[in-house]
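Note that chain A is present in both complexes that follow, paired respectively with chain B and with chain C.
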Partner chain A sequence: MDYKKPHKRYRTPRKPTGIKDKTGDLKPAQVSANLEDNVRAIQNTFKDSLDFIVRRISFGPAGKVRMALVFLETLTDKQSFSDFVLEPLNRLSFCEAEATKIPGRIIDILPSALKVEEEADWEQLEKKIVTGHGVLFIDRYDRAVVLEARKWSERSISEPQSEAVVVGPREGFVESLITNVSLMRRRLRTPNLVMEAIPVGTTSNTNVVVCYLKGVADAQLVKQVRERIAKINVEAMHDINLINELISDVKFTPFRPFSSTERPDKLAAALVEGRVGLIAENSPMALIIPTVFWQFFQSSEDYYEHYPLSALSRTLRMLAFFLVVGLTALYVAIVTFHQEMVPTQLILTMAAVREPVPFPTVVEALILEIILEALREAGLRLPKPAGQAVSIVGALVMGQAAVEASLVSPQLVIVVALGGIASFIIPDYSFVIALRILKFLFILLAGSFGMFGLIVGYVVLGVHLSSLQSFGVPYLSPVTPFKWKDMKDIFFRAPWWAMGKKGPQRAGGGEGA
Partner chain B sequence: MESLAYILVLGIDLTPEGEVELYAQVGLPSAEPTRGGGGEEPVVKTVKAKGKNVTDALDQMFLENTKQPFLSHLRLVVVSERLAREGLERILDFFRRDVNVRMNIRVAVTQDDLEELLSVQEPLSRQPSLAIANQFFINSQRAGVVEIELMQLLTELLEPDREAVLPLIETSEDRFALGKTAVFRGDKMAATLDEMETFGLLLWRNKVKRGVVSVTPSPGSEAFSYRILSSDTRITTRWDGKKLKVRAEVRTVADIMEMHGKVKGDLGQLASRFIVTRMEDALGQAQRSGSDFLGIGVALRRQNNRAWRELRGRWPEVLREAEFEILSHVHIRGQGQVR
Partner chain C sequence: MKKVLLLVLCLSLVLVGGCWDVLVVEELALAFAIGIDHDVNNPRRFILSMTNPTFSETSQSDTRKILTESYSLSNAFFNLQRQRERILVLGQITSIVFSEEAARSGLLHNIMRQVDQQRDMNPNVHLLIVRGHKAQDVIFMKPEENARVAVYLDKVMNTNFTAGEAPRISASRYWVSYSTAGIDPVIPVIELTGPGEEEKKTDGVIITGLAALDYTGRMQGFLNDKQTYYFMLFTGQNHRSRMTTRLDIDGQVRDTSFYVKDVSLKVKPALENGRPRLALKMALEVDVINIEWDVDVEQEGVDEIIETALARDFQGNALEVIRLTQDWGTDIVGLGQHMRIKYPRWFKDERWRQEYRNAHITLEVKVKVRRVGTLIRPQY
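Take a look at the complex of A and B:
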C-alpha cells in the first residue's frame, strides 16, 4: 500500500527583512507602505511599555484612508493630538478619488500649530517616539509623519540651592533643556547666541547644548569643545557634571577642570567673556569652559554689589582658602613642633587643657576633622529639619561632651570649627570638597614635619595648580602667567566703570574673546 | 606641648664652691584659669639645679624633673650680684649659642636672694614673669629704669667703646622694685646707681622720651612737677691732643603737671638745673668707677675715630681728666589742663 504522505501545507516563512538592533530584535530599516507592517513592527518594539498607545484612525469615504497614530502617553500631550490631528482630519470631506491623494498631502492638511515633519528612517522614528513625539503611519505611504507634542511634568524655575545670593536675580536652571535655553535666550537677546545640540550617550541620547556667542568665543575653542563632546562614548549621561571628567585635559587632580553653575546670569556673563557653556537635558546645571582657579572665588553677587563691598567678600574667600586647607594643620604644627610661636599666657592655658588628652595633636585633629566631615555629610543627605537637628547635636552636644571627656582640647574645637565655617565662605561647593581632601594631607604633613611639611605642602600645591590646564588655558592665569589687563577681576573686582565696555572681559584667562 | 616645662624666669647664681646654680621659675599649666574659678593655687613653681656651667645645670634639671625644660618662653634672666661681680662671661656664652633663647629677653641683676625673689607672688597680676616684663616696659617708657635686652647686653659687652649697664631688681614686700642700675666694667659689675643717677644715665644715653620729673627748687620749698614731652641729648667730643672736651646738650620740651604756691625763679631754668645735676651725678659715678657707661666713648669713636684709637687704651684715665660742659634747655610748653 502506498503510503501517502499526508498533505501538509507549509507556509514558507517570510524572509526576515530589515536590520537587527543590539537587543537582537529585528527591525525594518525603513517605513513600509503597508500600515499593518509598520504597526506590527512598532508594537513589537514597544510591546512591554505600559504607556505605549496605538490609535487607529480611518476616515474618508467608507473609511478608505487608514492611519495609525502611535505615541508614548507619558511624554506627549494627548489633547494636542485630538485638537490638531484628529479633529481636523474628521472635518475633512472629500470624494473617493481624492482619498487616494491624501497620504502625500497630509502635512499640508494638518494645522501648523504642531511642528510636523516626515521621516522614513525607522531608527529615527523610534528615537522620536521616546523623545515625546507622536508618529502617524498612513496606509499606502512609505513615510511617517512625526508630530511634536511633547509634554511632561517638570520642576518650575526656582532659586538656585547651592548658589544663593542676597543681591541679584533668583532664577536657577531646571532639568528641562528647553526652559534652560529660554532662560539663556532671555538674557542674551542676540542672534549671535548659538545653541548647538549634540546627543551624548548611546542609550540615553541626551542632548548636550554647546552655547557660545558667535564672534566673541574663540572658534578654535568651540571646535575643540564640539569635538571632545562628540568623542564621548558612554551608555547614558544623567548629568552635565559627567562631562567634566570626560573632556578634561588633566585626569588626576582633586580640582574640577570646569566650574558648574546653577545660575543662568552667571553662564550668560561667562558667554559674554568669550567662554563656552554646556547645558544638558535633565541637568539643572551648566558647565563653563574654560575655567580658571580664581573663578571658584567669584560669586554672582560680586558683580551686583557695590564694588568696595564685594572686595571684602572676595578677600574673605581668599583667606578662607588658606583657613580651610591650612588652619588645622598650622595648629597641629605649632602645638607639636613650634611651641615658641604661641604667646606665653596662651601656651600655658593650652598646655593645661592638652594635659588630660591622651592622643597626639595630629590624631586629635584627624578625629575632629573626620567627625566634622561626617556631620556635614549627614546634614546634607537628611531632610532639612532632621539635618538641623544633626548639626545641633554634632556641634553643641558632641563638641562639648568631647571636650569634657578630654578626648579633644577646646582650642582644637575652635580651630576645626573655624576651618568648617571658612569652607562655607567659598561659593563653589565642589571646589571646597577638593580643599577638604587637601586639608587632611596638610594635617598629616604638619603632624609629621611641622612648619616645614606645611610649606612643602603649599609649594607642591602651587606647582600642581600651575601644571593644570582647562582647555589649554593655564589654571592659575591671569596671575601666572601674569596678564595685568586681566587682573581687574581676580583679587578684587574693579568698579564697572573701570572695566571697559564688556565688563571683566577675558578676566580669569578666557582666551576666547 | 604638655610635656614641656615652660621656664619663664631664669635666676642664675654662683655657689661659694664656684658652681652655677639655676633657679628656673616654671609656669604651671594646670594653674591657669581655664574655666573660671581658681586663683588661689600657685601659678609658678621654682625648680633648682646646679652644675659646672649653665648647660650642665640645665642638664641636671632634666634629670630631676618630669618635664623637659623649655627656654623659648623665657622672659627674664636675673643674675645674682655675686655672679655679676664675678663676671657675666661665664654664663653669656650659653645664651649666645642656644637656639631656643630669644634675643629680646630682659636681663637684670639682683642683690637679693634669688629664691626669695622668684617666689614673690605679684598681687596685681597672675603671672609674675609677665608682670615683671610689663613693669619694665611701663617704667622704661617713663624714664624710670634702664631696660636692657640680651642682644643689647651682648653688644655692649663686645664693643670696646661702651660699658654695659643692667637694671637692678629688688623685692619690696610682696612685689618687685625697679629703678636702680648696676654698671659694669668689662663683664664685671663695678657699681650701682640710685634712681636719680639712673635718670642721669638715661639722659646721657638719650633714652628719655617721656616721664615725670619733680623738682624741689631749694631745700624746704615746695616741689613742682613737669612732664617730659620730648627730650634729645647730643654729645659732642673734641680732642685737642692733651685733653678731651665733652659737651652734652639736652633739649627738653615739657608741660607743668603740678605746682603749689609761687615758685621762685624761672621754671625752665629750675628744671634745667635739675637735669644738669642728675647728669653730673651719673658722670661722677662713671669717673669714679672708671666705666664709660654713659656713651662718651661711643660719641668719640664716631666723631673722631683716630683720636678714639689713640685713647682707647687709657680711656678711664682720659675720662677722669676730661673737661665736661653740660647744657640743658627746658622749654615749658604748656600749663596742663587747668580747669
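Take a look at the complex of A and C:
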C-alpha cells in the first residue's frame, strides 16, 4: 500500500527575527528601539549569571526618558557608573518637548572621564559586557551606549619568580593586560611603540597584543606574526605559552621556538633590538619573536652587571648546557666502554665502589636520573614547606641510603647531582626541560654505543638545531650562519660602549615596519 | 603497524647495542704495569709478570700477582685470560719494564712490535729497563711511597721528567726514534733501592741513566746519570735540571753546582774524502748556584774564569758521551739527521751506521754565566 501524504494545510512557522548563537538561543542581531525587548534579550543571555545586573533608570519630566544600564558587577566599577553616568543624568533638566531628543544626545551629555561609544551590533554588545563594559539601553533609540568602566581584582606587580635577579629591576608582568601594557609604555616612551590587539579563542576572546617598535621591527616579520595569530583556531587561550606551539615554524622539536619572559625590561630590550613581543590577557608572560638558541643563555642580569662578570656567567651557562645533556652520559660511556680514558687512581676507586653495585651503569644512571626528575617535580608541585622536606629527604637521606645500600655508586650520585645543579644555571626554565629530555636519550646512546654514540648524539643534535627556524631566522644564528657584527652578545657580553647605539643585536634584516 | 614495528626495531637497536664490546669497569682485570724477563732456559720464550688489583671485600690481598711464560705477547695474554674470571684490558698500562738481558737480547724490540698491535694499549706507556734485577722484581715490589707499583712508577717517571732528570720515553716516542733515519732510541734505566741486602732491595726504584739502543732495538750501552745530563743537553730536553761538576780553577778542583738556563746546539756537517765530519757548537747560559771558591764573584774577570772552566768541563764530558755512542754504534743524539739533511744522496741508513763509528766529531762550547749565587728551589 502506497503511503499517501495527507492533504492538510499547515501554518508556516514564523521566521525568527534574530540569530542563533552556539547554545541555540535566539538573540537579536541588532539593538531594538524598544527598551523592553533589549532588556528581555540581554537578560535571556545572562539569565544564569549571578553577577549580571540590570539597573532601570527613568528621568526627565514624568520619567519619560527610560533607560537600562546592564553590566557584570564582578568586572566593572559601580562607583564609576554612579559618578559618571547616573549622577550627571539625574542632574539634567529639560522640558517635555525636549525629552524626545535626549536619547540621541546621551553620548554628548555624559562626562568625558569615561570612554563612551555607541554600538548597535548585538554580538559586539555581549562581548563588551563580558569584557567589563557597561551597556546603556535607551528607550526609543536603536543604538546602545557602551561605557568602559572595567575593574576587577588583580595581582599586584611583584618580582618575577622564574627570572629573579640580584641587580636590575624587580618588576614582573602580571595577569592584567592593561598593567602589562603600562609596564611596557613606561619603559619605551615613544609613540612608535605599537600595541595591536588581536582576539584569540572563539570562546575565550582573549586579547593578544602584538607589540613592536615601528621603524625598528622588520615589517615582514610583523606581518607574519599578525597573520599567524589570526589563523589560530582554538576555543580558549589561557596563557601566552599556548601560542608558542601554534605559530611555530617547526612542529616536532624538544626546543621551544620562542623564548618567554616575565620581565618587562627584557621584552623592552628585545623590542629595541627589532623583535616582536606578544602579550596576552591573563598571562604573566610575554613571548619574544624571533628567538635564537643563544637567547636561552642570556639573563637580564648580564646587561646590568659589569661586563667581565657577564662573560663569566655566560661561559658557565654554556658549560652547563653540556653538563646537563652529556655529563651522566659521558660517565656511562667511560665506565662502560672506555676505561683507558680514566686516570689510574680514579679507575681504581671507581672499580672498587662499583664492585658491590648490582646494576649495569646505564641502568644505575637511569634510576638516579629518574629519581632526580621525580624529586624536582615533587618539589615544584608540593606546597613550599613540604617541598623543602621532600628535597632534603630525597637529596640527603635517599642519596646516602642508596649509596650505603650499594644500589648506586657514590661517583654517579656526584655526577647526577652536578648535572642537576647545572640545569639550574641556565636561566630559561623551559629550555632546560628540553635538555632534560635529551639527557635520557644521550644516556641510552652512551650505554649502547659508548663515546661513539655520544658523538653521534651531539652531531644529530647539532644538525637538528641547525635545521630549526624561528619566523625564518635560523635558530643558531648569528653563529651559523655567521654574522660577525652580532657576535658581541653571544659567548660573552661586550661592554656597552662597544655595542653601539642599537644595542646587542638586530633581529631580522628587512625594512622597519 | 609498520611504524610500531620500526619503533620497536629502533628501540631494540639502542637497547641491545654494545653488548658485544661492553667493558664495564668493575668487571675488568685491569693491568697497570707489566714486566718482561728473558727466559734463560729457552731463549725463544719470555716471562711476563703483572699485577691486577682486586676489589672484592672477600679477597685476601688487594692485588693479584700473575706470572706467565709464553712465546708471544698475545699468547701470554690468552694464558692470563684463561686464568681470570674478568676481562683483561691493557688500556691502563702505564709502564712496561724490561730486564737488561731482555733489552740486550733484542726481546725488547720484539715485544714492542707486539705491543704496537694491541688495539687498546696506551701509546704513552713508559718504557723502562731495570739493571741488576729481573723485571718481575720491580712489578712485584712493595714500594713504601705507594701501594700500587704502576702508580708509583708512573709518578716517579713523571716527576723526574718534569724535574728534567730523565727524558720522557713512551712507546710512541720509541717508535718515532726507531723509525726515523739518523737517530736511535734510548730508554731510561732504573735500579731497585732499599736498605736491606742486595736481593731484598724492593722498596723503590732510582733512575740511574739511559740505555742506548741500536737500529735493531738492542741495548748496546748504558749512560750514567751525568752522561744522561749531557745527552739531554744535546737533545734540548734539559729544563730546570741542576748539575754539579768539578772545575779546575787556579790549579785547584772546585765543586760547582749550576743550572743550565738555555742551550743551543749548532751542527755543521761535512764530508771529507767520504768520511763524515761534524763540527758541533754548543752555547750555554748558566746560573751558578754555588762554587767552592773563596772569591768575590762581583770582581771583574771572575765570570770569565768560571765560564772558561765550565766550557772546558762541558766539552770534555759531552764529547765523552759522543765517543761512547760512537763506540756502541748508536746515534742516540741524532747527528745522522744533520748529515741526512745536508747530504741526502750520500746518506743511507746502512752507510751512516757504519760511518758513525768513524765520524770525526768536534765540539766547541761557549758558556755564559748569567749570575752566581742563585737561590735554589727548596724541593731538590
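FYI, the second predicted complex is superposed on the first by the 491 of 513 C-alpha atoms of A that agree within 3 Å, B and C clash if a C-alpha of one lies under 4 Å from a C-alpha of the other, contacts with A are read in each partner's own complex, and residues count from 1 in each chain.
Going forward, contacts are C-beta pairs under 8 Å (C-beta built on N, C-alpha and C of every residue); 3 or more make two chains touch, one makes a residue touch a chain.
Model, not experiment: these values are computed from the prediction.
Enquirer: Between chain B and chain C, positioned on chain A by superposition, is the outcome a clash or a fit?
Expert: clash
Enquirer: Can A:G447 be said to touch chain B (first), chain C (second), both, or neither?
Expert: second
Enquirer: Check the contacts made with chain A and report whether chain B or chain C touches more of its residues.
Expert: Between chain B and chain C, C touches the greater number of residues in chain A.
Enquirer: Which partner does A:L348 contact after superposing on A: first (chain B), second (chain C), both, neither?
Expert: A:L348: touches chain B and chain C.
Enquirer: For A:D108, decide between first (touching chain B), second (touching chain C), both and neither.
Expert: In the superposed model, A:D108 contacts neither chain B nor chain C.
Enquirer: For A:D48, decide between first (touching chain B), second (touching chain C), both and neither.
Expert: Neither partner.
Enquirer: I'd like to know which partner A:P360 touches here: chain B for first, chain C for second, both or neither.
Expert: Second partner only, chain C.
Enquirer: Which of the two partners, first being chain B and second being chain C, lies in contact with A:E340: first, second, both, or neither?
Expert: A:E340: touches chain B and chain C.
Enquirer: Which residues would you name on chain A as touching chain B in one complex and chain C in the other?
Expert: In chain A, positions 335-336, 339-340, 344-345, 347-348, 350-352, 354-355, 357, 361 sit in both the chain B and chain C interfaces.
Enquirer: Any idea which chain C residues touch chain A in the complex?
Expert: Of all residues in chain C, those touching chain A are 14-18, 21-26, 28, 30, 32, 53, 55-57, 89, 91-92, 94, 120, 122, 148, 150-151, 154.
Enquirer: Which residues of chain B touch chain A once you look at their complex with the stated criterion?
Expert: Answer in residue numbers: 1-2, 4, 6, 8, 27-32, 34, 70, 72-73, 75, 100, 102, 127, 129-130.
Enquirer: Would you pull the chain A residues touching chain C in the complex into a rising list?
Expert: 335-340, 342, 344-345, 347-348, 350-352, 354-357, 360-361, 444-445, 447-450, 453
Enquirer: Provide the residue numbers of chain A that touch chain B in the complex, in ascending order.
Expert: Per the stated touch rule, the residues are 335-336, 339-340, 344-345, 347-355, 357, 361.
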